[in-house]
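Dropping the structure in here first, questions after.
All chains are identified by letter, namely A, B, C and D, in their written order; residue positions are counted from 1 within each chain.
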């Protein structure tokens, strides 16, 4: 061991294998689903079946947001200039900054603050409502944007939300953080006078709080999911489009398979 | 529709939802696992159960390769300089070039060439062996590196291989491309005089050929899986390590949970 | 010295300074202009005054190409998503692939091939014309795009060209590679029937050949110059624009200082 | 003009040219040096001769910091994995985060705070010293790192500093911000009890304050300069080194031209 010796708690290779958090990768292959091994790497332990299902659901909900998402457009722009697939995907990944794709972490922070503040008091509905008012006031005073609330695109409630909430209910999460998120929605209405309903980032944040997901890796979870869509868009650009085209961010349409229902499982 | 109008076959957003290749994303959430929705985005259709399991297995096999992988080191270096998590991950992603993480695509190409060449003849074992000799000779003449064969680290056979091959067998893949990969192994031995056994990239390539995975997105599959490990390493660097440290690529050890067995399912 | 010891010929730090190719950086500061120190790092020696002036001129010619360049658009897209300045610039840099910004290297290769082929014969105008025909035929057969010829935007001849050629003339370059570039222009006309006049990439390539600039770093020269414009665009986006806006690649106009002449030096 | 119309104050292309801040690029080529055109793009106006010389000097001072700089190591790591030159440079650029290469902007902010605070009082040496104490106390209370002071590598004073200060003196800058930087050095000593002398980032920051350089683009200036070194290191890795090597961050030596003096101008 030299002066520069350092340690990791994540993984290591041996002469004939790789260990992830103490588990033999070979045993994980084909036994534990990918989103659960992601959870193992990120959170340190294998998830319970309920948590495993929620992580998978959140990843599917984040996998793509159509061709007009900034990350897809940046990846296509890079691909159009002749970047290879990985470099184009990196350009897309770099587009996921504080406004796009990084909202979950901020929302988790606010939701946790509400829950902790309310718990220090009675934990009642009134206490939570009061705690949410306090957090909203503090964030507004610090001129900090409260992510996770308000729609950008969907006129009606984003239908992904009801689905995620139903799955959280099925997984029997305690529900304290979901209540905090709803309390924040109410407090925002009282404070701003505007309807700023919880959005997909806020819902994801509340569920990740419920399952104890590490807050510092919440955006990372989104990035793994979304880079999938980014890579698909970049590859379509490389394979189907003329190089160096002007990529209109709005004037595009869908030309793939028509709307269809999921096949009924046999 | 203006002059710049363009079309995608991947996905689109509507007023109240997102459609992926014609399927409502909301129906996919919690119903179809993440690796299968990735397959839908990349290949255009939902996978059969057998293919779904293989995609998941390949992603788990690729999720991390310990702290000494170049992509993990580059991400840690960026994080150590103060890069935020996404930028550090992008630095790691950019490290996956033609030598690291891009081998699967090249191997798929060679394996397909062998299979096609052999099929044009009798398709017999001899024909395949002969086809492999031809492909190896052509690649060597073009001074093109034949990826997917030969070990870098594992002294013995990488144990991930046997696991992946067993799963491919379970999924009842036809086996033609697996045979081509083995034929290439033999041809390399005859041509170079060296043992260059099929490695994890070659095995992944053969299985992806078996399930008709789009060759242009094979490296993308690896990137989605591996960026998970990259993000975990970058986050550990940000949270646990002093900034601006000299990161030794070899002198590190594992300090996480001791070796442990998978919990027995109830 | 351990097993991993390695060597560089570029630079090293000492207890009280930095040496670039053997020169004390402190002596270079304020004495040798930045483009000449760049040349020192890239080519190994300080440039002659004539070469120094040409390098500076090529860098100025490449510094920016307006808000519609793909690299500027990608950097703005990343900045608009909330990426910090450096990450946004990286997204722009990644956009400079084989079609955008990487043309100089390919053009240098073709120009050198013509010059070498012509020199092996008589070196006469006829020999050069014949050599250009040969190279064009070979590249077309290899389905390789001959960069550096043909306009994308400027209807008339790009006025940067005349300026660069005049400076090359002033610097008394031998002129052999400039002649090769013109020969390629003629050969392209004969081969394709189309007017594909030498463009800014081709002119840059010919001049870099004249001054013996390392071919592998020709795109790097362009990148250093252009990242300046990329950073200016990314910064304007961060400082002046609303986040998450849809960035139209065409529908923009200039609102800065009106056209003005250079101040007359005192 | 459509709904998405937007404006830039930087540059625009016309049918036969490019205008930078109102100046015809063609007129700038070969007339105005590259660092001055960079200043034009970043600051909006052409620099005075004194400022032009200082910008050039600061860029030369930042062009490279040897093979052990994190950005050089990350770029080499990416290149070693097979990344093309531009992607490798992007990986290096991403390494320039809050600890590495982003120090100038923070230092400018602190230096300006001291100058403004002192000016609001008498502007005397005592007022400046007092102002520096106040700023140091505020930054320490906010747990904000005061960049630009303290050495990482150079045991003695970094010789680049004396050179830059001498050039600033020659350029007859007013000197108020240089005095503020020195006042901060004193205040840090009083507050921490440690010698934390002004370093190259702090000196650069003070000079940029003196010449009114836009604070938001100070790190950008560093990035343009340093990406030159990053590209040189990445290219050396691609051309000279075996792929996929373990890159030791410390165990390397210099094998280029021996120490030499600048040629005496004729």
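The rule is simple: contacts are C-beta pairs under 8 Å (C-beta built on N, C-alpha and C of every residue); 3 or more make two chains touch, one makes a residue touch a chain.
In this text the structure is predicted, and so the values were computed from the model without any measurement.
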Field: Chain labels contacting chain A and also chain B
entry: C, D
Message: Touching both chain A and chain D, which chains are there?
response: B, C
- prompt: Which whole number of Å gives the spacing of the CA centres of chain A and chain C?
  reply: 40
- request: Just give me the whole-number Å value for how far the CA centre of chain C lies from that of chain D.
  value: 23
Distance between the centres, which are taken as Cα means, of chain C and chain B, whole angstrom: 36
Query: On chain A, where are the residues touching two or more other chains?
result: 4, 68, 83-84, 86-87, 90, 94, 96-97, 101-102, 246-250
- request: Sort the chain contact graph into one of these: line, ring, star, complete or other.
  value: complete
Query: Inside the complex, what are the residues of chain B that reach chain C?
result: 4, 83-84, 86-87, 90, 94, 249-250
Field: Contact set on chain B toward chain D in their complex
entry: 68, 70-71, 73-74, 77-84, 87-88, 90-91, 94-102, 152, 243-244, 246-250
- line: Residue set of chain D touching chain C in the complex reads 1-2, 4-13, 15-35, 37-38, 41-42, 44, 46, 53, 56-57, 59-61, 63-68, 85-87, 89-90, 93-94, 96-97, 101-102, 153-160, 162-164, 166-167, 216-217, 219-220, 223-225, 227-229, 231-233, 235-236, 238-239, 241, 245-248, 251-263
